[in-house]
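Take a look at the structures listed below.
The same chain A turns up in both complexes below, where it pairs with chain B and then with chain C.
This part shows the complex of A and B:
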């Protein structure tokens, strides 16, 4: 694809935090491209750098964070952009959906006030107009009786309804990019599917691109076109949904998939990944996943692996790509 | 909800719509709930009534007293309470009822003005220092610490002697010294509030720092600010009385309750009413304000037992 047509192009994004015990490298050289309207998922365990990289894009990290690399959004460099300019972008061009809808609303104001505020901040609507548009937005995300619900307070909304309201708030200004940070983690499983459906519908209507950050591979399958698996601040495997689910080439991705229950799998037991994720302060000198990997070889302890193409639009970061059994053989 | 409880036979619980309606009624009465909690404090009700009566007396009373507060009448000087002068007269024969009303008016004015001003300064300083952290926080903390180590009374005495002759400047001086506690309270609160996800969400929506402080932080601070205002009002009256007692406060012929107590102290043994009456008024005002403050603290704290 032509670079000019890309909505977002992230190149070698690196984030580290100054801590008392030294530098903690949270994100180490992440790159990806996102076309307008496209949906990409970033999957990883806690501490893999998935949330940090998206917060870095919006300039929402604390001052102790050191960010380098490049992130071009609609032709503008996001990294190092002045705060004032970022404020104009946040919520207008790039909007964020937070994980916990319980705490992401101010308990003192009505839902309508808060959705309206998203518009007022950017001077796009105010007062009565903002309120009536808030009601329209609530209707769009499937909140029943929006006219009455805009006057209610967050505590009167159930978790699912509140997450819908969060989505309404995020799309208030028709952003070009939605960043959904674990949008369903705090919700019941039955509600999760509904919320994801709402997100898909909304994206269909507004044409917004989405970065879906999650640890739940099951959620990814139905709602993203491409996936990026992160581990220890690095991208370990990236590819289309199809290639990643049917032909994962990286031992970590394979481990994630075998630790997930599946209806079509006859295996009697789930296979967990042994060990724990590495500490950000003390990364293994070789491959970050090396110590937990069952296919580990001598070279894995020596230097980090490179992300290499293993198929069409499919790359994996592994020294032993040639020795890793194919998923079709493992899961059969 | 109540329907279900009252009619256990009425089948399965009503779906979410009914439940939401029940909750809606409750939410519209957030203010009412606060009032309910306030009302439970009998002393606070008494305090409110007493304070209201005193305020009316201080401002309207002088129109019904036949003597002016600065009207000197040497013949009638140093009298005890009588029908003509219910509170007696002072050494210059000025009617003490008229002077007590005038003094009360000034004391109350200083109290309210000071409390509101000091709390406002504290709010701004505390919110800015808590939200921005870093250099700004350090600077404001330095000012706070300096003011804390300097003996307040000495500072007040110095400033009061220089500028305190008028009630309004007096109020400003007291406010400049007593905003510290409010600032520290607000700062602590802001430090915890700014970590709330909705503040993050507001930032992600493109809101700037001052908008966040104004729309998300300040409304959450109203509770502690209300309490702080009432507490400061009490402190201000005491401070003003102390200064006036040391004759560093409002200058004659104007007067405050503190000045009246100071003037009466020389004749305390022969005419204790000259100290007891203004003293009693000061006590009544401070007690009332403190009772109201106590009740407000409970009223604005949702955790203090709903229903």
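This part shows the complex of A and C:
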């Protein structure tokens, strides 16, 4: 795709935090492109850097974070953009949906006030109009009796309804990009299904692109077109969902898939990944996954691997790509 | 069939709701509201349900960590609810619990040796012997025995959960109640702990009551599964039967909502998205608890509470209109023309 047509182009994004125990490298050179309307998932375990990278794009990290690299959004550089200018983008062109809708809302204001505020700060609606548009938005995301519920406070909403209200707030200004960070992790599975359906419908109507950040590979399979798997602050594999789920080439991705118990078939025994994810303060030299990898060779301890194309729109970061068995053999 | 190791009969645990100046009781939360189940020796029974279904309260009520309101719990035929304090202490040696949060359930000021051996010391084992046993158990759960003098913060989440399991094993229990033991763990580590639980069951002849919200995990580990909804049992079935042909509309909807890591299956499957939220357990619906969200509900469901009854050998369901094997909720909704 022509670079001018991209919605977002991230290049070599790096984020480190100054801590008492030294520098913690949370994101170590992440690059990706996102086309308008596209849906991409970022998958990883705790400490993989999946959330930090999108918070960095929006300037939402604390001052102790050192950010470098480039992120072009609709032709504007997000990294280093003055706060005032970022405020004009956040909630307008780019909106974020967080995991915990209880802490994301202010308990002292009604839901209607807060959705309305999202429009007012950008000068897109105010007063009565903002309130009636808030009710329309609640209706769009499937909140029953929206006219009454705009006057209610966050604690009067159940978890699933609050998450719908947050989606309503996020889409209030018809953003071009939605960043959903573990949007259903706090919800029960039947409510998760409702919320994911709402998100899909809303994207169908508004044409917004989405970055879905999650630890749940199952959720990714049903709601994204492309996916990147992160580990130790780096992208270890990226591709279309079909290539990633049916032909994963990176030992870490393969390990994640074989660790997962599945509701639709019963493996006699799971095949876990040995060991635990590395500490940000104490990254292994060489490949971050090396110490846990059953395919490691001498080169893996020496230097980090590069992200290399292994197929069409499919890349893997592994020194030993040539020696990794194909998934069809592993999972048989 | 053997005599069951654990029997629960019409167990109810209600919590009073207090309000006003005098803290008078204005109502009750029906957290567990008439649950019966039995567990055979060396069996793994999974208890699944969404938040508020009462699964955690059930586990704690069985051990009387929360005193149940009424009903019976029998361990090897012996009445647990009526047991004296002293007898209860002896019984708790045989029935242990592992909690969800490996960060909150271990004393941060105690070395791991002491955490694991404390139950033994409470039950009268001398210090040297208790410590030796702790080191043995560390080895059994896959940790290094020499790490016994470290403190909990020096371990990762998965390792802490192993420590919690070692502590529960210290008194040679028969029954382990595992309350969301892997839900705080990353997926790669979760699989390690699940495999460990499998191995320990064989090694120590353990019986598990495995409480969790994650159906994929429960299916993997359980022989039989109890599906709970709002304080009551909706369905009990062998693990394979439940996933193959759930009879309760709720079981069916719950299973169809679980995402699977397979893009083609995800795209093609018929998913039933339940409408509405879970009603409040302080004011449960009349009749069938699930009727407010059930696509099949009719008048009778509001009037008459369905009893748990057997629809096939080993499969019991609390529904007036259970699904037949092979019939899906979508078929039924279609046939009714709803």
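We adopt the following convention: the second predicted complex is superposed on the first by the 328 of 332 C-alpha atoms of A that agree within 3 Å, B and C clash if a C-alpha of one lies under 4 Å from a C-alpha of the other, contacts with A are read in each partner's own complex, and residues count from 1 in each chain.
Simple rule for what comes next: a residue touches a chain if its C-beta (ideal position, glycine included) is under 8 Å from a C-beta of that chain, and two chains touch if they have at least 3 such contacts.
These numbers were taken from a predicted model, which means no experiment stands behind them.
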item	value
Chain B versus chain C as contact partner of A:194, first or second or both or neither	second
Which superposed partner A:108 touches (first chain B, second chain C, both, neither)	first
Partner chain(s) touched by A:270 [first = chain B, second = chain C, both, neither]	second
Which partner, chain B or chain C, touches more chain A residues	C
Touched partner set for A:27, first chain B, second chain C, both or neither	neither
Touched partner set for A:89, first chain B, second chain C, both or neither	first
Touching partner for A:100 - first (chain B), second (chain C), both, neither	first
Chain B versus chain C as contact partner of A:158, first or second or both or neither	both
Footprint overlap on chain A, comparing chain B with chain C	158
Contacting residues of chain A [partner chain C, same complex]	45-46, 158, 160-161, 188-194, 197, 215-222, 241-242, 245-246, 255-264, 266-267, 269-274, 276-277, 292
For the chain C and chain A complex, residues of the former touching the latter	50-51, 156, 158-159, 186-192, 194-195, 198, 213, 215-217, 219-221, 239-240, 243, 253-255, 257-267, 271, 273-275, 277-278
List of chain A residues in touch with chain B within their complex	58, 60, 63, 84, 87-92, 95-96, 98-100, 103-106, 108-109, 117-118, 121-122, 144-145, 148, 152-153, 155-156, 158, 166, 169
List of chain B residues in touch with chain A within their complex	16-17, 20, 23-24, 27, 134, 196-198, 200-208, 211, 215-216, 219-220
